[in-house]
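Written out below as structure tokens is the structure these notes cover.
Letters A, B, C and D mark the chains as written, and numbering starts fresh at 1 in each.
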Amino acid sequence: MARYILKRFSLMIVTLFIIITATFFLIHSLPGSPLQNAEKLTPELQAQILAQYGLDQPIHIQYFKYLGGLVQGDLGTSIANGQSVTGLLMNGFSASVFIGAQGLILGIVIGLILGVLAALKRNTWIDSFATGTSIIGVSVPSFVLAATLSYFIGVELGWLPANLWGTYEHTILPSIALSFPVVAQISRYVRTEMVEVLEQDYMRTAKAKGISRLAITVKHALRNALIPAVTVMGPLAAGIITGSLVVESIFAVPGMGKIFVDSITSKDYTMVMGSTIFYSVLIISALFIVDLLYGIIDPRIRISGAKE
Amino acid sequence: MSTEKTYTPELFEPIGQLEKRAEQLNRKQVGVWKDAWLRFRQNKGALIGVALLLVIGLLAIFGPLMNDHNWETQNLAIKNQSANIDGHYMGTDHFGRDLWQRVWYGAKISLEIAFLAVFLDVVIGVTIGGISGYFGGRIDMFIQRFIEVIYSIPNLIIIIMLLMWMEPGILAIAIAIALTGWVPMSRIVRAQILKLRSQEYVLAARTLGASHKRILLKHLIPNVMGPIIIAVTFSIPSAIFFEAFLSFIGLGIRPPEASLGLLISEGNQILQLFPHVLLWPALVLSVLMLAFNLVGDGLRDALDPRMKK
Amino acid sequence: MSKILEVRDLHVSFHTYSGEVKAVRGVSFDVEKGQTLAIVGESGCGKSVTSQAIMKLILTPPGEYKHGEVLYNGKDLVKMSEKEMEQVRGKEIAMIFQDPMTSLNPTMTVGKQIMEGIIKHQKLSKAEAKEKAIEMLKLVGIPSPESRFTQYPHQFSGGMRQRAMIAIALSCNPNVLIADEPTTALDVTIQAQIMDLMKDLQERLGTSIILITHDLGVVAETADRVAVMYAGKVVESGTINEIFAEPRHPYTWGLMNSMPKLNQDRSEELSPIPGAPPDLLAPPKGCAFAARCKYAMKICQEVDPELIEHSKDHRVACWLEHPMAEAYRREVVEGRQSV
Amino acid sequence: MKKRKLVPFLAITLVASLGVTACSFGGGAKDDKDTLVIASRSEPKELDTAKTTDGPSGIVTANVQEGLYRHAKDGKSVEPALVDGEPQVSADKLTYTFKIRDAKWSDGKPVRAQDFEFAWKRTLTPETAAEYAMILWDLKNGRAFNEKKTAKVEDVGVKALDDKTLEVKLEKPLPYLKNLLAFPMYLPQREDIVKQYGKDFAKNAKANVYNGPYKLVDWKQKQSLTLEKNENYWDAATVKTKKIEIKVMTDASAAINAYTTGQVQVANVGGDFIQKYKDDKEAVAIKEPTSAMMIMNQKNKFLANTKVRQALQLAFDSKEYQQGVLQDKSTAAGGLVPGNVKGNGKDLEKLFRESAPAEPKFDVTEAKRLLAEGLKELGMDKAPELELIGDDTTSAKRHGEYVKDSFKKNLGVDVKISSLPFQQRRDRTTNGQFDLVAFLWQGDYNDAMSYLDLFVTGGPFNYAKWSNKEYDALIKKAQENKSGDSQERLDAMIQAEKILLDEAVIIPEYYRTMTYLVKPTVKDMVFSSEGFGEELSFKWVQKK
């Protein structure tokens, strides 16, 4: 186990290194200058500012300097506003991760319940309801949903804050908006898997032992139905990152999404690098966790790297 | 023998074995595709999906012929009309342009982008997945590491950079979507091929000296068609979705052109004032997604009975 | 001897895309205490459905109990609620399934799977249940049961898994054990071991067994009574001697012929029954076997024969048994013997 | 025996993630009398007053720092702040001597004349790389020092004669000096604090000291800023509201939703909400010193023709654009200089446009005629397609859509819209890679010259690459103003603008107006239309 984790970890580092290198050269090759107000700057001043950020040096020197800083945990300072990239990321991070994690967990829990109920009560109204929810969940774009939630529940009904950040109530609507596609995906997967698992021979074995339906569902069916659902969690977590971009903007959540897109379009090199590394680490770790979960849920998969 | 019925003796005449008829009585052997079609036909949801797709497809083509307006002419005097006046079936937008025209024009553009993106997905995904799965070993190892890297870069950064390089248009957006969209396709193809590779008929073909290309084209590809078709029907709505997302954050199609995502983005800005501008394109987009998902579900159930509900 | 289980005119159907499949169409048989009843037939003849129907393991929908009763010690199981059934399953009637690969939960340790039933029915504490489970593993002949207890099914071999299945089934001393093709998925050498184990345990525990199989060899060795099923019906039933010594239904003849005999000539070929069973979506009007039957008569296509009592225990459903076919029957029997 | 439990695992993940962020909730914004919450469109970029350039930063600095003069309660004029009485002015109007009043920084130390000298010189020091250093170029040798030319730091025309006396020397007489002195670049800074924090100076609330009505106590990036009343402020008795919270809300509907649900009491109305709220009784319109126009690139042979340019100018209906597309309280423009900018003629308070009215012109028939003539002169039968470049913001895209449709409809000229990210748009503008560019100009100081000097030959912002000797001469005359007669200066500027418009160098569009929503409970909130973007002053604000 420890060896496996170590091996995975070193692979993660290599992957990350490739990503950093690729992104670094890509972003530096984009047309345009990273200076914000260059319009009113004299060429001397522009050169001065570029020199301050070390941007006047040859690209490969910049690259090695950046790597050097990175090894020491220094992500540099944002060119757009001179703040430390780490500080800005940590700021956006807590909000994004909070609504992201809450949305993901909410989505998984509701998705599981819906999926299981639909599979157990096949071809009843519960099933239709769950199928309907999941179809709507994948069919309605998250931004339409988010705007609608903010307007109707936040403004018209006034049940919850329409947007902004501050108290726990503020996190509810964004999390719900984020959870919707998760509910849809998870409930679909779990239902399909559950239906299949319920028809498995070992379910019959369990039933033949005289165990109650609830115990069969929880102890035997759920765990097995979860295995494939776990596989989609990696992509889902990545999807939440994309989704959060729009949701954060609509609900005025001070998260990562806006920082990220802004930094790319404004060519804030250090910020782009910082957020790319951040997101990549997030995705890679999500995939890693999914693999670990896989092993925990399914004993047949030995975590020795011999999985295929 | 309580109920003694009367039988005539001729009923007890032997007729012998009807073996041939017995064979006939056997259920007809149905081909995989025909069988899938039969199953698909039974799926009400899938049929509704097909019908919806047909309706939207026809409207995207012929809808613009149904009134006397066009998608780009502005008339600020009648902007943001929600009522159906003067043939503006869906009202007008913030420039007084006809929404009916714009919605169907936008649907057409969205579909074009989605089809193009998915086509590229399939080409890239099948090629890479096929090579990876078929040759295995080092090549597979290398490609899989490569995919892992691609998968771990936030796809937005690739897409945004690409769109800063290329003139944003149908092709650029389709490429941007396909650039990261081929990964799941290649995984499916690879997994299928890995499974099939070890099977006997491929082995047989190999022993008979068939070339790699021939084996791939004649034996393997036809067998992975099912999963590819299923993946395609699910890729199309996600491509539509992604285009809408890009347009929503201002990176997709540029106004005054229209796509469903762009129309929704425009509508969202005036949601609280003129909800109809958001409502119509959002509705068409949702129905389109719904239809593709229904058809996808139906196809999956039909082509992959293991997944049957 | 007393009957512990009586099945009376059981009808079970499945609702599918294509229509109603009448899988079991009026099956009746009895099981005596401490005895073994074998149900024989080709695959798809409804024997597995019947066995599962006894324990009400058929999922409804798509399944449906159309008619009939299953009397266990005089109580009708068909009418019982799920809650009441939970007290029957495992405790009174237990079951072993055909494929030990898929019949064990892959994500739960074998020990836990055995303990589950014990905890439920014998109201033991976890520690006691574990002790009992290890004892059961020992009983079914699994070496070093303590370490096997914490292993997962995929760490077991096929024969071991079936032993574990038997341990699960017998852990609560059931009165009836239904074994649905318990050896089909196993190697020949393992098959014999498992059958021996079952016989041995039956003697020690006094369990009644319903053995579902298509293997007449197994039947001959273990069963007291036999019921032959075809297309959802019992076509012939009787004691083991009656069925093997004097089979009366053409289908039973077919089954016998397709089985290798010790005294058979090497030159003589096994003769399988030609054709395939009918489509139970639309069962034929007459005898279901008529189309494949060498000796079919006109009436066979028109009217379905009823089960006729030939002797006290021996019943047959065939028009050849009808008085009006007396002459033809004799001709047929002579013909068979002369071959 | 290994225990493998999924549920506890998930639970731990949840608890952990909740725990990480639980501390980030500092309790809700209560709607109490002492706290005013306002929504800001974007986050302050730079609170170091030597370097700040953006509106949101301006709002903060204007309330936490104070210079010699500040914007008055009427929102238009400036009033003395840290200056004690009127300055002594030399006869040539080139040397001013200011007395500094008794005032303290938030750490209790007195505000000294040296703080001004330090701050201004720091801004001009090339190594500081202050983007707006040119605001200080009017100081004697300011430009020369800033551009690393002849002058040294001691040559710069600012000097603390003692703790309380500041001597300021100018390059040329400045009728609008007091306005200039209210700008962030003229605020004082403490040398010890700047040195102490070095790179981190003003990067967080703790890394600075404050001498204004408020002090910055908390700054959560991309989220919020908290200002608290500064008890050390010399005029603290006037300050009524104890706490100001500035919430960063980039999404227009987010700000409006927050306002309508009462989470914020002051919000900027953006996007399409302007239609709903512009005439609301809670709406306050703030004219900005911003002029919007399109510039035609005269390197393009087609656009080098004056008649063609005149045709395009006449084919753009700025009134319809303002009413139908902008839909806000902006003014349709007929000229370059916005209506609220001063002319600084004889009457110092008189606005430029009052002396030189310029009505928007729109005439399709005349435009068509001019285009036909122009094409004939050029020997072309058809107008080429023109590329309009603009930002990729919603409003810029809409502008493009409108222009495309207008020119097509009115002149049959095809326009291709290129919506570009800010940097790209700017690079292409600077390099002249465009035919038409949407251009917004906000004056650097309250005088028409801040607009008119854009278009002199070779000027860095003369994107049109237009060159007119007469225009250049007029601008030079006004800038030098040798006679010292301010009316003559104004007349030269009026004449210059007329040439600019007649030659159709630009297509005037509108003078921008911002709209704020202010809850009726908020009294004496001051909006000033000068400086970098709209400024809000909380000095006098009260909440009922």
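Here is the rule we go by: a contact is a pair of C-beta atoms (placed from the backbone, for glycine too) under 8 Å apart; a residue touches a chain by one contact, two chains touch by 3 or more.
Since the model is a prediction, treat every value here as computed from it, not as a measurement.
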item: Between A-C and A-B, the pair joined by more C-beta contacts; value: A-B
item: Inter-chain centre distance, chain A versus chain B - centres from mean C-alpha coordinates, in Å; value: 24
item: Cα-centroid distance, chain A relative to chain C, in whole angstrom; value: 53
item: Chain B-chain C separation of Cα centroids, rounded to whole Å; value: 47
item: Cα-centroid distance, chain A relative to chain D, in whole angstrom; value: 38
item: Per-residue overlap in chain D, given as positions that touch at least 2 other chains; value: 253, 392, 421, 424
item: Contacts with two or more other chains, residues of chain B listed in rising order; value: 164, 268, 271-272
item: Residue numbers of chain C (touch at least two other chains); value: none
item: Chain contact topology (line, ring, star, complete or other); value: other
item: Pairs of chains satisfying the touch condition; value: A-B, A-C, A-D, B-C, B-D
item: Chain B partner contacts - residues on chain D that touch it in the complex; value: 252-253, 256, 271-273, 275-276, 320, 323-325, 392-394, 397-398, 400-402, 404-405, 409, 417, 419, 421, 424
item: Touch list for chain A against partner chain D, complex; value: 31-42, 44-45, 48-49, 52, 77, 80-84, 87-88, 91-92, 94-95, 97-98, 101-102, 105, 147, 150-151, 154-155, 158, 161-169, 223, 226, 249-252, 254, 258-259, 265-267, 293, 296-297, 299
item: Residue numbers on chain B that touch chain A, as the complex places them; value: 145, 148-149, 151-157, 160-161, 164-165, 194, 237, 241, 244-245, 248-249, 261, 264-265, 268, 271-272, 278, 282, 285-287, 289-290, 293-294, 306-307, 309
item: List of chain A residues in touch with chain C within their complex; value: 122-123, 198-202, 204-213, 215, 219-220, 223-224, 227, 297-300
item: Contacting residues of chain D [partner chain A, same complex]; value: 4, 6, 9-10, 13-14, 17-18, 20-21, 24-29, 43, 45-46, 53, 126-127, 129, 131-134, 147-148, 199, 203, 220-224, 247-251, 253-255, 257-258, 260-261, 263-264, 392, 421-424, 426-427, 429-430, 460-461
